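This report concerns only the one structure given below.
The chains carry the letters A, B, C and D, assigned in the order they are written, with residues numbered from 1 in each.
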Amino acid sequence: MSLKTLGFGVRASIVAALAVLAIYAGLILSLLWFLDPEILRRTLWSARSLFSIRLSLYAATLVTLLALALAIPAAYALARYRFWGKEATEIVLEFPLIISPAALGATILIFFNNPVGEWIQENIVYFVFNVAGIVLAQLITVLGLAVRMLKAAFESVPPELETVAQTLGAGRTYAFLTVTLPLAKNGLLAALILIWAKALGEFGATLMVAGSMAMRTETLPIAIFMRLSSADIEATVALILILVVIGLTALLIARRLLAGSARA
Amino acid sequence: MSLKTLGFGVRASIVAALAVLAIYAGLILSLLWFLDPEILRRTLWSARSLFSIRLSLYAATLVTLLALALAIPAAYALARYRFWGKEATEIVLEFPLIISPAALGATILIFFNNPVGEWIQENIVYFVFNVAGIVLAQLITVLGLAVRMLKAAFESVPPELETVAQTLGAGRTYAFLTVTLPLAKNGLLAALILIWAKALGEFGATLMVAGSMAMRTETLPIAIFMRLSSADIEATVALILILVVIGLTALLIARRLLAGSARA
Amino acid sequence: MLEIDGLIAQVGHFRLGEVSLAVAPGSCHAVVGPSGSGKSTLLGAILGTLPVLRGYIRLAGEDLTALPIERRQIGYVPQQLGLFPHLSVRANLLYSARARRVPEPVYGPLLARLLEITGIGGLLDRRIQTLSGGERQRVALVRALVAKPRLVLLDEPFSALNESLRRELWWLVKELQQEQGLTVMLVTHDLTEAYSLADQITVLIDGRQEQSGDKAAIYRRPASLAVARFLGLKNLFPARAQTPGLLDCPAFGVQLRIKDSKVEGEELWVGIRAEHVAVRRPNDPLRPDETRLSGYFERILDLGDSAMLHLRTPSGALLEIRCRHRLLRSYAIQEGKMGIVGLPADELFVIRS
Amino acid sequence: MLEIDGLIAQVGHFRLGEVSLAVAPGSCHAVVGPSGSGKSTLLGAILGTLPVLRGYIRLAGEDLTALPIERRQIGYVPQQLGLFPHLSVRANLLYSARARRVPEPVYGPLLARLLEITGIGGLLDRRIQTLSGGERQRVALVRALVAKPRLVLLDEPFSALNESLRRELWWLVKELQQEQGLTVMLVTHDLTEAYSLADQITVLIDGRQEQSGDKAAIYRRPASLAVARFLGLKNLFPARAQTPGLLDCPAFGVQLRIKDSKVEGEELWVGIRAEHVAVRRPNDPLRPDETRLSGYFERILDLGDSAMLHLRTPSGALLEIRCRHRLLRSYAIQEGKMGIVGLPADELFVIRS
């Protein structure tokens, strides 16, 4: 539109959008007030922080792999086939987005108090207040998102291309591997990164299932909680910045990947 | 496809999808093991629970109204116009999805320790460990999602319809009120409900900013955390069920509204 | 040879059936119909993406419904072409050879010949995104043909192209079909395309097979009102058979001379194509094999080389006429003026109601 | 009266310019061109959704670029029609009256007349979703016209309809235009639509205004190779002007008789429409006003009522010919057989290269 027709309403709405930008950018930038390079260095290099970082990276990576292993076939089925329970599954996928992570974590914890849960803990893996609990809490939290994102990635590949591949003599698996997977690649990578970042930042469910035990179940978000509780602001800022930098990097990579796949 | 061609891969992928369904449905249903109707009734009717429920509903409703007031114009600007800072704003909107709620809450708390934040607390509203803090923490957490959902709602209305309305003599505001808003209505309502449910379930940021103080900043998710910490499983289950029922209802209403708007 | 016999298929609430048709080896059969007529359902049933409720689909005597898609040996060029955007032109063309592990000496000569006819040999290392619309069509055609299909299914493959490019590709398909002896089924809503490429035409309307047969027959003798309307024929009037060679047509208030004799007293519809109505001058000699009508030209659409005229008869009927543009001047045809036309007896067709 | 003078507009990296044209009051001007030619950019500039870089757009002498969209008084029917799906047909039709607070006595008579011509009076209480494609078109047209626009912009409004419905709506638009004295600008990629509705045609290609003028002129005398190709003309050959009335044409190895005399020695292109090539019999008398060529018919496309022929001359040139279907039999034309054609001197057109 020509500039002359830019009325008051248009300008007010743009100001509102920039206000949203200012709120989030301002919050992040305000952290710099308490940023002391010396404390940042010391915090990061302390054994406790390094443990948190290692634990967070380990758990998030394991969770991402487990989530993908289940989500890739599940998402493909949801994207391509009709079957009994499909609609219920699609509803359930949005659970973790809408139900409080605290409630989700509490539910997991309570599950291990029933006979089935107790049997699992005694005979397979002990989850509660344990690293396995971190992995489980994060997995339950991100699984729904993982399936939804992968479903969108598979849906971006026209099913017609698979049909054409089949008419050219490809079996279903060959067509999936040579056509669907390569074409969904960017969406899959973006999902992988976002799931990983989401698992890395998970707090509520982790806190419920694995508790907050220094040097044991202290992931980065739990560490932020514990340091802030002990009013160690400079160290908290240092840990927040690590998470923000990782999150922002993941976000930018994922956006680039998704934009790339939208063009292709 | 004909049933004869349903190969192993197809069946395995459907089983994976149903496994995802089973995990979430199973978790929720396992709560019933500890469900004691008498304790449920007693928990719900206790002054402390009623306070939590009232506080949660009050905060979530206020947050939703505040978020919409800012998000409607911002989302419309993002959906329709090009302006300086647009891409940065769109990136920032995904922050709350990707950055740990714990980090977000801690950032807010830390903000109020810098001179600007201190001035705000002393002269405008006192946020930290206060109800205003709950509202602020939830608002910061849901605002990004609110703008994203409303943007999608506005984008579902072809801009051409506004152009046609203008050629028919409507000013920009008249066209917005008579064409865009009614057509985006379902999407707006769905966004409203999901934002409300999300605010209701917010845990990490709330815990950081407002703390966990019984009868003061004890929203439902905080109450779950506190009850579970004191190993009061039956009461926790009761509170979880309230959140799950509210969340599920919101989800189903929102899905119906969005499906309706997709058909229109 | 493709044989479809008593086929019934269903997608959601839409039901297609019963369809029976045969495509002779080396011939082209076009399936036409408006959108929602069941064209894509029929195609899905042949292709194997939709289940068949009842009936048979046989290709070279083999029951197709028992085969998975990848073993039906059908070449498929969908509307969006289905080219693999992540692969080069070469990798697209060799996809079937690689999937079936066919060695180069087997597919090589055919590929070379197909590249030569279509002229896309220079594009092999290009990415799909860099190709023009016409080049993509050629690549999709060659990719389907190099797999040596027993049947080629073309699903409106030219609808995205402009008219001149579309006509060029019709020539190409015709050439490929004749040289390679292809059996082709073409699905289209474009009648000109169907007439250009097909030997036989099937008309589907609302899931029903309305007419199947030689394209000339369908052009000149639509079997039902639905087909006639789909073909864009406006000149359709109720009539009743009188003495042999004559039809009572109340719309014109006259008796029309017709070629084929009908059962006396039968209720019918009579029709004629706009381009078969002949414009006459008042002093032209009367012909025994046509019926003359007069009226005034209500409206004239000038189409460049030809013109469409609306003639309103004194009885109130409206006749659509297509004539060469040069006639407008030489016959002094103008809007609002009177005019005379002839309906040739052998161009009038009759539909039982 | 719409006047566009030296208009330059830009969208992203696409630049349209310079466009100069005028639409006389009560006339219809068609803007045609392939996709990406700048049609929608031109439209956006007139409509007011795109900024104008340079040049003027005047409507009835008033500079449009200074006005916001809602004060331009332009009736706009976009490709998707832009009907408001949440409103009834009646509320759609009255949208402009309500937006401008026009009272019923003012718009009532016009609305009643438009409903009568278009025959949609019975649809007023229906929801948009329940209308057929043709009904929607009519509602969109009436909605635009009841606002008494000074200019009506039609942006490919009929492209979603089938051919027969499309032709019906052409008649309707023509009728509305003449009765209401509308000034219309039609944007389309469909040449038949442009020829049917427009008095003047502008051809845009790659953002350039290639030709503007009377539709007959554009049909018979394309101004550039780009226009000729866009019009689907295949018979284009390089030539050189010789003595007056003769062109050297190496493609055929003969001299072509032409009507208009050209500057001697000039490098040119010569062309002829496929339907203007005349099929001749060997014993037909030679005519002074045409050039005879012989060759063999390489391919024949049977289009129902007419046929397209490819004639390959001994010099290797390919000539596209369109003739009536009945000629195929009476002239015994078959693929692979020899044939003779005539190029009438007054149908050959010449393009400066």
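In this section, a contact is a pair of C-beta atoms (placed from the backbone, for glycine too) under 8 Å apart; a residue touches a chain by one contact, two chains touch by 3 or more.
Values in this document were obtained by computation on a predicted structure and should not be read as measured data.
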If a chain touches subunit A and subunit D alike, it appears here: B, C
Interface ranked first by C-beta contact pairs: A-B
Centroid spacing, where centroids are CA-atom means, of subunit A and subunit C in whole angstrom: 53
Rounded Å distance, subunit A centre to subunit B centre (Cα mean): 16
Rounded Å distance between subunit B and subunit C, as computed from the means of their C-alpha atoms: 55
Shared interface positions of subunit A, touching two or more other chains: 172
Residues of subunit C engaged with two or more neighbouring chains: 48-49, 68-69
Complex interface listing, subunit B residues touching subunit D: 158, 160-161, 163-172, 174, 178-179, 182-183, 264
Subunit C residues within the subunit A interface of the complex: 47-49, 68-70, 72, 74-76, 78, 80, 82, 84-86, 95-96, 99-100, 129, 143-144, 147, 149
Residue numbers on subunit D that touch subunit C, as the complex places them: 34, 162-164, 167, 170-171, 174-175, 189, 191-192, 195-196, 215-216, 219, 229-232, 234, 273, 275, 299, 301-305, 308, 310
Residues of subunit A touching subunit B in the complex: 7, 9-10, 12-21, 23-25, 27-28, 30-31, 33-34, 70-78, 81, 83, 85-86, 88-89, 91-104, 106-111, 113-114, 116-117, 140, 143-144, 147, 172-173, 176, 194, 197-198, 200-204, 207-208, 220-222, 224-225, 228, 233, 236-237, 239-240, 243-244, 247-248, 250-252, 255
